[in-house]
Amino acid sequence: MLNYYNRIAGQSIERLAAISDGVFAVAMTLLVLDLHTPAAEAIHSEGELWRAILAIAPRLLVYLMSFLTLGIFWVGQQTQLNHLERSDRDLSWLHLAFLFSVSLTPFSTSLMAEFIAYRVALVVYWANILLLGILLYASWSYAIRAQLVKADVTQVVQQAFKRRVIGAQSLYAFGAALCLINTYWALGFILLVQLNYALAPRIGFLPKL
Amino acid sequence: MLNYYNRIAGQSIERLAAISDGVFAVAMTLLVLDLHTPAAEAIHSEGELWRAILAIAPRLLVYLMSFLTLGIFWVGQQTQLNHLERSDRDLSWLHLAFLFSVSLTPFSTSLMAEFIAYRVALVVYWANILLLGILLYASWSYAIRAQLVKADVTQVVQQAFKRRVIGAQSLYAFGAALCLINTYWALGFILLVQLNYALAPRIGFLPKL
Amino acid sequence: MLNYYNRIAGQSIERLAAISDGVFAVAMTLLVLDLHTPAAEAIHSEGELWRAILAIAPRLLVYLMSFLTLGIFWVGQQTQLNHLERSDRDLSWLHLAFLFSVSLTPFSTSLMAEFIAYRVALVVYWANILLLGILLYASWSYAIRAQLVKADVTQVVQQAFKRRVIGAQSLYAFGAALCLINTYWALGFILLVQLNYALAPRIGFLPKL
Amino acid sequence: MLNYYNRIAGQSIERLAAISDGVFAVAMTLLVLDLHTPAAEAIHSEGELWRAILAIAPRLLVYLMSFLTLGIFWVGQQTQLNHLERSDRDLSWLHLAFLFSVSLTPFSTSLMAEFIAYRVALVVYWANILLLGILLYASWSYAIRAQLVKADVTQVVQQAFKRRVIGAQSLYAFGAALCLINTYWALGFILLVQLNYALAPRIGFLPKL
């Protein structure tokens, strides 16, 4: 009886999806705040303005990377929630933890971009991605265990989702390990994997992933 | 007749849920803005970068605490709204007041973290949590009185919700009172209660709460 | 034929409600960014912290006022949208203009609070509220004319909504005119009217409004 | 089998609409952050405050332009999504790319406004609008090809949408080309086209667009 509240709490998939879209939307746009127009005093010709814009380009790239990472996990979370019949209190908290990691992504991406030659920065970046993967996997496992998935979700779908997360995380971990050789190789590999997940079906690159 | 507008205003639970998710999403991500990458000039080795990241850790912890508090009240509000058939003007305003308190949470959490040895800061932090609890309780009481709850919501559910709020607030108040001895004890106790509400059913800790 | 796009554009009430909730949520939380924790160096005792918090109080009050104004118009817009069957391109643009004014509210409220003794600031503040009222009235009139309202919306409802906007705006205009005597009286009157709209049915104050 | 995840990923139109509304809401309000109240020390009379407010006016205008552009593309995207039966992974990514461009709009608009006499700034601004148009067109073409559109969407609707995008982009491109003569003419023309798209049906101006 005393635990009754826990049984009725947090059951709405719609609310979970809505707060997720809100947090993702804020996280996705957070790094736009770092793009500032150049100071007008410093610009006296078309050439100078062009060079000033080029100087902003690295930040734009970091923003793009952060958007890419968040996009991948947004699609992943959406796919999971689409297959759930309802939520419960524990699933809500697993997804809140996931959203916490989502909101850290712009920070860890910036850190990695700013200190691209440092292993520590790359490991922090990878730890963020790993955390996102673990929480997505954990929430899906929990949902299956707690019978929150829709009745028509077959074993094939259940396994496809798990295999996807494990496959992607293995590649990310391999990429991160490349930092033992060189952080640029590590980042390059991780970026390649991410681009593959975003574009693969269209360009037919690495189709077996 | 002249009061007719008031009778037809603010009836949508969906809109109330949507504005709530928006305000929660912004409030939940507000403290991420405090996480800045270290200045590149000051970093010359892996060790220095690592120490610079550790120096950010306290802010990350504050952010985590703020997220935790907001998560608890997000689950609480969602549970309430899930059991309502419709809203009305007064309920909308009670929830708007609740959202106002929600948006203050990152501020009061930061204040408490920055001045952890000061009783004033702890009392402000607790006052914020108390306000959230009062408004959640008041809106639920009002909803029952104004017959806005769904037909299938039993007395048991009605009481479970109220008991939960009162139980949690009693513990928070006891925790806050500990600041007469020591603010660290007070904060530690409050944090423990919050972690219990977020994790309890999974780890079976303090199951009777 | 060439105008065909305009006939099929912007028909979703749900999307209109969602973008509105997003803009309102951001606007409602914008002034929280102005609340900063006091500098730790300047605080050496409970008394000093208490005075530092009191020094923030005026900003909190401005935030509350901005939240109040936005809450009133959020309830107003929601009430309107609840009575619409569908939207169209023109209605979408009227509401986008409304949302533009919504996003200006934190600025005009801050301006008025900062320069409370200046008529110019009060007139800008009032102009913002007037614009919100005009756009809410215009979109409702348009919706009736374009037959976008639900079939069961009677003449009584149609008139109640219009009368509400006109009644409120008349009071705001009267309040603004008081600045010819004194800006404090003007602001006080406007605040009283706003509090009435937020609280009236509960405290029975000025029931005839 | 291994590609199974891609077949079940990203199918929710509702989630796509929700993340879009979130990103649009943040992007639409981003430039409000540039409106600061004048410093109180510098103001000693009604006249000075009035001039200080007028000094902010250009920023308000830039904000209005950014809001206008975003509004046009918000209506366009909504119209597209309204006609879709469901989404898939590729469509989600096309729209995520669209949202990335959406979030850049406040920046490119500011840049153009700050350096209004420079062709580089105008070209960047136009490139942003072009990118938005290309992605909206590409996602619609893809949706038709992948049979994601609703069954009742006729060829007429399909063509109307495409023609609209191409028509608008041709006018924007012509406007941008005017910068060979003069950037003011170019911007003026683009603004005129945008105002036409926002207001046209009401004022009957350029009805054939």
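Note that the chains are named A, B, C and D in the order they appear, and that numbering of residues resets to 1 at the start of each chain.
The definition used in the following text is that contacts are C-beta pairs under 8 Å (C-beta built on N, C-alpha and C of every residue); 3 or more make two chains touch, one makes a residue touch a chain.
Owing to the predicted nature of the structure, the values given are computational and were not obtained by experimental measurement.
K.L.:
Would you kindly state whether over half or under half of the residue numbers at the subunit A/subunit B interface are used by both copies, giving same or different?
P.N.:
Mostly different residues.
K.L.:
Rotating subunit A so that its CA atoms sit on those of subunit D: what angle is that, to a multiple of 5 degrees?
P.N.:
Rounded to 5 degrees, the superposing rotation is 90 degrees.
K.L.:
Please report how many Å separate the Cα centroid of subunit B from that of subunit C, as a whole number.
P.N.:
Centre separation, subunit B to subunit C: 25 Å.
K.L.:
Where the CA atoms of subunit A average out and where those of subunit C average out, how many Å apart are those spots?
P.N.:
The answer is 36 Å.
K.L.:
Among the residues of subunit C, which ones contact at least 2 other chains?
P.N.:
18, 21-22, 25-26
K.L.:
In the complex of these two chains, what residues of subunit A are touching subunit B?
P.N.:
For subunit A paired with subunit B, touching residues are 1-6, 8-12, 14-15, 18-19, 21-23, 25-27, 30, 89-90, 92-93, 96, 99-100, 103-104, 106-107, 110-111, 114-115, 118-121, 124.
K.L.:
Going by the contact rule at the top, pick out the subunit D residues touching subunit C in the complex.
P.N.:
Listed in rising order, the residues are 17-18, 21-22, 24-26, 28-29, 32-33, 35, 37, 40, 43, 46, 49-50, 53, 64, 67, 71, 74-76, 78-79, 81-83, 156-157, 160-161, 163-164, 198-202, 207-209.
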